[in-house]
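Think of it as A, B, C and D in the order they're written, each chain with its own count starting at 1.
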Amino acid sequence: MNTQIDSRISESLIRVRYAETDAMGIVHHSAYIPWFEVGRSDWMREAGLPYSAFQEMGYYLTVVEIGARYLRPCFYDELVTVRTQIGEVKSRSIRIDYEVINANGVTLVTGFTQHVCITHDGRPTRLPEILERLLNGGE
Amino acid sequence: MNTQIDSRISESLIRVRYAETDAMGIVHHSAYIPWFEVGRSDWMREAGLPYSAFQEMGYYLTVVEIGARYLRPCFYDELVTVRTQIGEVKSRSIRIDYEVINANGVTLVTGFTQHVCITHDGRPTRLPEILERLLNGGE
Amino acid sequence: MNTQIDSRISESLIRVRYAETDAMGIVHHSAYIPWFEVGRSDWMREAGLPYSAFQEMGYYLTVVEIGARYLRPCFYDELVTVRTQIGEVKSRSIRIDYEVINANGVTLVTGFTQHVCITHDGRPTRLPEILERLLNGGE
Amino acid sequence: MNTQIDSRISESLIRVRYAETDAMGIVHHSAYIPWFEVGRSDWMREAGLPYSAFQEMGYYLTVVEIGARYLRPCFYDELVTVRTQIGEVKSRSIRIDYEVINANGVTLVTGFTQHVCITHDGRPTRLPEILERLLNGGE
């Protein structure tokens, strides 16, 4: 049931690192993927279940698909925000949506990641109840 | 006209670096994106137009979209192959398709990148004739 | 004259990204090098001369040497601080010193970078007066 | 006893990736550190003890110090060679030396890494005999 997905948007502030730029003088397209990860990490911490704690319970949310659209470039030292929101929750998978905006609120990049829940030995499993409840917006 | 796209597949051999792994013990999902770039770089060099030469002519093939599906994990020191093929050629854009396979020929990851051609001052432009001809399989 | 180096220490807060970990389960040793860069970037911005502005004046502070000592490991999601301080200022070069500490103030990594000033065409040059004054603690 | 260190130099061929460049148009200084890792990985594999096999025996060669000197820049698509050699072997630590040269044999970067041997639970240990013998040139 997707009827009650937590619609909360977390906002992660990121200062562009020089190491993230490339010879075109802009942020390399691969550098946004770890930013998405920062986004969902912050989302979960703010929801009360840090991903590190989730891992310690014996689970991973492994990435099975990603996608990103690059609308405008981004430069060294800019301060950007990653807006992260749960897109879809199924019994065994989650889609998370991202939007990277600059200081003027202009969208630079949008993207998503699709995750399945696995145990530490690599077997797919239902989303544990604690996570499901959280993604569905609490109690 | 897409009628004559060059169907050549280039193969790029990549030895997995320790720095590309993460705390799950596998290659981090973001690390494949530079591998795709290695793939299209090799494709162009083999086609007779290294991307560095294309850049010197005043053009970039900027990335406007990427997508990747992760089917199986990949580990430190594995020898994988990126198979790269032109997916679609339009007057102003190109889609390139990738498949990462392991030493046994098993598919680990598939993906694509969508590019538009821009000049060094950032303006979109038609694919230059030299590139169009090459992508359409020569003469 | 090194007599008046600005002894100010800037502090940069960094949340460890999953992408920065490796298969040992800790932050990969190469990941600290961009953190040092974040450190000096913040130092300069706080001093009133963002490196991006310095670049626009036609200069780079290119890296000619780095060194780092790894005392204790660092983990995903930890909140660490990079403490950055000017180590030495000569007419054509600067050494910057770094210390990465965890939330309890324990030192994890120390390091330095040595820079020379070059113009955009790659020629070494004296530190411009605006930078020299700043590194020497203003007037 | 350092009297018999294996003086063999392994050579690792590396094609510079676009993702490894930065807004100065050259390879970012942090990108060489994973290249050093490629170098020692190849050295060990060629010596008959892949690091992955060493890890499976229950050991890590953790990095406790690195240093690098940057003599000349390196550009996208260049083909460089990392020359790797054992520098010093002590009962509990190893220093490995690196030299990155371009296609004309010109030295671009030199560096070293210092390692101590630890078990998977993080405790320092003597270099296991199999490794010591190998580093001392085996028989």
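Here, contacts are C-beta pairs under 8 Å (C-beta built on N, C-alpha and C of every residue); 3 or more make two chains touch, one makes a residue touch a chain.
Computed from a predicted model, the values in this text were never measured in an experiment.
Participant: By mean C-alpha position, what chain is farthest away from subunit A?
Facilitator: The most distant chain relative to subunit A turns out to be D.
Participant: Tally the contacting C-beta pairs at the B-D interface and at the B-C interface, and name the larger one.
Facilitator: B-D
Participant: Taking the mean of the C-alpha atoms as each chain's centre, how many Å separate subunit C from subunit D?
Facilitator: 24
Participant: From the mean C-alpha coordinate of subunit B to that of subunit D, what's the distance rounded to whole Å?
Facilitator: Whole-Å distance between the two chain centres: 29.
Participant: Where the centres are mean C-alpha positions, what is the separation of subunit B from subunit C, in Å?
Facilitator: The computed centroid separation for subunit B versus subunit C comes out at 34 Å.
Participant: Touching at least two other chains at once: which residues of subunit B meet that condition?
Facilitator: 18-19, 30, 33-34, 37, 75-76
Participant: Mind pulling up the subunit A residues that touch subunit B in the complex?
Facilitator: Within the complex, subunit A contacts subunit B at residues 24, 29-30, 33-34, 37, 60, 62-70, 73, 122.
Participant: Per the contact definition, I'd like the list of subunit C residues that touch subunit B in the complex.
Facilitator: Touch list, subunit C to subunit B: 18-19, 21-23, 25-26, 28, 30, 76.
Participant: Spell out the part of subunit A that touches subunit C in their complex, as residue ranges.
Facilitator: 15, 17-20, 33-34, 37-38, 41, 45, 50-52, 75-77
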